[in-house]
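Please find the structures below.
Next come two complexes built around chain A: one with chain B, the other with chain C.
Moving on, here comes the complex of A and B:
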């Protein structure tokens, strides 16, 4: 045996720098950076809402009711009950930014479990889980929400349950597809040969390799869920009043939209900007992963 | 960049024949701005009319880039920034895209490595082939079709009338490659570029395709640029050879000179890495080239091969770019010291210690594994059975290396899966440690059996989990098997294993994507040895590696195996490698054992007719020896679905006796106590066969 050395520091260092998803790698994509900035602005505003919001969200300013349009006293105007729209948007951001990530997290846990089981545990488990998913996915999503929330009653918990039921099958399909491909990798066979359990292989060998597509999907889904929450508020299935809720604010303003369009416009802009932030982030992450 | 014009291949005197294509001082760069990578700094080469030129090098040396530059296919981020490519009186680098497109189809054609990617899956073979003469020669549809049928007959395609109506997926890999070659020849090109045209094919099919290329070259008077990493193929197909290393031509010579008097240290190194049929692990240790290929942006100053060269002189070799000098009139070499370096005879000393005869530890008894296809269909009749393994019987003794040899579809990988418990057998027995484990999947096996049987996989890119550091699975294997207890003892064992596979201990926390293919395969070997197994199954462990790395990994594997007296089952399609590695060999074809015996018995007569063809197909990296007796198989390996009732090899056997071969399973002839051949031919006829390997 020749006393060879297989070290070549420079070559491997360069390869190391090509790795995707480095800690601050996200900043290499302008799209993702802009998206992340929009989201962070909303997060900061929501966290600081008790400090920076000029009025309590439900306080009525009867003097402003005569002319609710934007003014020095109320930068974004007030609604028809004299409540400051800016303050309500800031407090409403707290709701959206808690409920949307929370429901996506729950949906992810359920969906990943379904996907791992369907992809790894053989054709029978796969058939059962996939058929259940097909049934859920064949419902129009709006109908599904209406049925669920109308029966369970509007509350944060029930919104989470409803979005989980609607999203988990989609997440499950993504994970199942990835697992079906990853399970044929040689490192999975190596894990079996050293006697690892199925649970261990699913969680330690397979799941970490699904993270790229799942991170992108999560960002997209938080955006969708923001829309869903707004939508539920708009059709009257959101959080019960007087909680500030962006969708609910838009709904309350519809009657006045021809006279005072700002009452509906600002909550809608808030929803649009936040969703845009998440979508840009998802797009950017996807680009980074494909690079 | 220095402006010195080095003597180039084009300045070398021509041994007759005018130049067809002349590449002069070509520089190819990829990327833009700060991220420019120089793939080829300065390349010159000339191919004459009717000549076959071989371009050899390991992956990443720029040989494919050179071909792509000729074709004008460098892509959006590739640029030929300097030099010229003169072809039939015009510079291809200056040609307009329309002019290039015209030249490409008509005067220059290319055959790529992956035939299935070169064919349009939505068109019939006939239609896509007929497009070529219709487009380039303006032939009518009928005339084009006739021309297609003629060329398909030329490429020895059986039954061309049927083939033109089929779609690409209905053909085998070998047939697809014939179609691609036919497509390239349809326009009667003056130059045919072949980029690793047989890499994906089985040995016997490869041999037939190579013969075909040789024949067609004469008939069509085409010049060839043959790109390959396999020196054996180049030796059998080319007139002149250029060796590339890190984007530079390091040596160029007529094929006989190159193999008889290799002058550049890299060429010598490459030739020493290749296992040959005349020696084995008892008589020779494969040498390897230390270190690694430099990436394009970290090319050393001076000689690019310097850091890996045994004859490197600091202060001399690393100063200025080394020119390509003529060693003889037609032999160019890029080395300052070529005239000083004495050719060292290849190391023929082996460190191998013969294991003493041991008791069998593994007994395979009439093992069969079949899969049912179409089981989900409603009709019972549509169920067909693939007999992946049938009636395998042999035993393996402690400490020996048993090679299982065969082409794709012979069932060697299925056998590995059944043995390790990733699949279970349909019938028969595997007796290991006094128990039958044939029907037990890995999770049903005892802890002791699991620990004792480990495997080394084929693909370095999929053998390690990209989400974990490379020591993760080694650590886990030690913990699970319980061969060491306690964090300190386990850490110590991991470090020890890294030392054993000659990787620096600092590599433990690296990610797989920070290691090269050879390094990943070393980790996989460390993982297999981690649980101190008694039996290791190595499934094509080096087939994905470059030659110089392959030799080092094989030597390492042999060292470890001999040191621990581990039994090994070595699965491979590479017979030269098997000759080097194995103690005993089992030759399989379509799920059945054709022949088994000690390695020297398999490689000398009497042969099974299939073994004979396999051995004859091995490309020998030495054109001076000439070929041994030539045995070529017709057709491709048939599908293992519903194989013939008699001998599995009957359809392609050049020595077929008659009807008996189709209907009656062949008897087993005992040639010696260790050597059996399953064939209907009487033993005395088999014994009369002469060797197919050219004598030394």
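Moving on, here comes the complex of A and C:
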């Protein structure tokens, strides 16, 4: 998304951001603290879901089906099949909070590898990797997701694969830009003179110095991947039912929105709050780095 | 300049071929899949095998891809239209012509009869949204960019973070719940036909609103960042010290230079904006290009998927080219060197 500005950051700013991150003063930014708090609340809720959720996520309460709106028995109401929405949201949080960070981690590993190779291993490797990235980035993101998932079939593994294909080139570009700037630094020359291998230089000298922009980018990307997972669920390519999946819940409920708007609103609110948490965290971290 | 454009066009063509090959490979990787998807799930294996043989689907992928390109360029006849197959696929334009994108198994029409109407409907939606996003974000972005840290600026930052956290399908749900279900002011779907008793204009309101809401904060923030950077440049200080009014400084010296980055980034981000259109179309049952692509993918209509991705790729890559060229035209430093 708005990662472009990170790429353009000159070396001095990169170094400054590195110093700031070293102190880990997240709490000095209100924005980042609020974001982190929202995320942590969801993490706690997800971890405790088996204990605190009032009903099993797929249990049908046939009596509630007559009036599925929020009540004392079902705080957020039930869906059209009489399943408790609060319980399903709590269980759904477990899915999204594992799949989104996991996808971004895999994408980061692939993207960082691409970026380090492109930035450090000379013009030929760079040209090959950059062209491949250009091709992937020329696809409208959603088209890429739809084609991949529609052909591979919806599953957690395939969602991770699709996210990696879609985001690794962007991450690679960021790392490549940083490495091209960092490789002329004296400590890299010193490491070369010491006779360190290219692998050592990439992983020990270059990579740690890229982490500032990468941390911001990761927070943004987890938020965006949360949207993507919700979106895939919403267009019917999410996790197969009856897994509680926020996007899928919203999709099933939109058909009934004119009668029971709450069924669609609560899953959407859950997605929005979690994404907001990650976006606030990313924004606060970036602020701290620029300060 | 001409050499630059020529080089870019060549790269664009290569990217287009490579990307379309990828789509082709993913959709047609398994040899029998075209025949199976054309005949549907109820055809028996024998029928599928016969059609596969007629379509020469067992040839290597690269050969099948070149054949597909040949059909588009009008060098080969579309094998699906062969009368002896008895599929009933006939294109009034004939089986062999330039721009033949194949036959849709989902809509039972030539792809050319399906996609262009959809594309213009999407163009209408995207155009209307853009016509609102650009002036809105320009005003807000410039106003907060020249005064970083002001109330307006902080308000914009907060609003835009919240807005970019609401995916299009969620804001679609919220807006529908409020304006359609609660107030009953607007229609919940936008089929662009007036049979439901709602005017086409009223059907456009919610889809356009969803797109504007999601993208406005993002674009405004980009303009803000760019303006904030230009305002700090020495020539702006010189202009102020020369005694020009604040208005003139902003209009003549800041704006022109501050627009370069957002203009380019916007065109480079067209992929990101296109994705939003697809979702919006789905939420409001809007008869557009994105929804068609989605339906085709879910159904397995390979001709439409391949044709539609080819068209979106062309649009996206063209926009990126225009972005690059525009950057050169707007920025004299790059144009001359």
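One rule holds in what follows: the second predicted complex is superposed on the first by the 269 of 291 C-alpha atoms of A that agree within 3 Å, B and C clash if a C-alpha of one lies under 4 Å from a C-alpha of the other, contacts with A are read in each partner's own complex, and residues count from 1 in each chain.
In the analysis below, contacts are C-beta pairs under 8 Å (C-beta built on N, C-alpha and C of every residue); 3 or more make two chains touch, one makes a residue touch a chain.
All values reported here derive from a predicted model rather than from experimental measurement.
Peer 1: If you count the residues of chain A that each partner touches, which comes out higher, chain B or chain C?
Peer 2: Chain A has more residues touched by C than by the other partner.
Peer 1: Please indicate which partner A:196 is in contact with in the superposed arrangement: first for chain B, second for chain C, both, or neither.
Peer 2: Only chain B; A:196 stays clear of chain C.
Peer 1: Output check: A:139 vs chain B and chain C. Expected answer is one of first, second, both, neither. What do you get?
Peer 2: Touch partner of A:139: chain C, not chain B.
Peer 1: Using the superposition on chain A described above, determine whether A:187 touches chain B (first), chain C (second), both, or neither.
Peer 2: Touch partner of A:187: chain B, not chain C.
Peer 1: Quick check for you: in the superposed arrangement, does A:257 touch first (chain B), second (chain C), both or neither?
Peer 2: second
Peer 1: Kindly classify A:209 by the partners it touches after superposition: chain B alone (first), chain C alone (second), both, or neither?
Peer 2: first
Peer 1: Output the chain A positions appearing in both contact lists, the one against chain B and the one against chain C.
Peer 2: 1-2, 4-5
Peer 1: Sort out for me which residues of chain B touch chain A in the complex.
Peer 2: Result: residues 285, 287-288, 290-292, 294-295, 297-298, 351, 420-422, 442-443, 447, 450, 453-455, 457-459, 462-468, 473, 476-477, 480-481, 502-504, 510-511, 513-516, 518-519, 522, 524, 527, 531, 552, 555-556, 559 of chain B touch chain A.
Peer 1: Could you pull out which chain A residues touch chain B in their complex?
Peer 2: Within the complex, chain A contacts chain B at residues 1-2, 4-8, 10-12, 14-16, 18-19, 185-187, 189-196, 205, 208-209, 211.
Peer 1: Touching residues of chain C toward chain A in the complex: what are they?
Peer 2: The contact residues of chain C facing chain A are 15-16, 18-19, 22-23, 26-27, 29, 157, 161-162, 164-167, 169-170, 173-174, 176-177, 180-182, 188, 218, 221-222, 225, 265, 268, 271-272, 274-275, 278-279, 282-283, 290, 293-294, 297-298, 300, 305, 309, 312-313, 316-317, 320.
Peer 1: Please output the residues of chain A touching chain C within their complex, sorted ascending.
Peer 2: Residues in contact with chain C: 1-2, 4-5, 131, 134-135, 137-143, 146-148, 150-151, 223, 227, 230-231, 234-237, 247, 250, 254, 257-258, 261, 264-265, 268-269, 271-272, 275-276, 279-280, 283.
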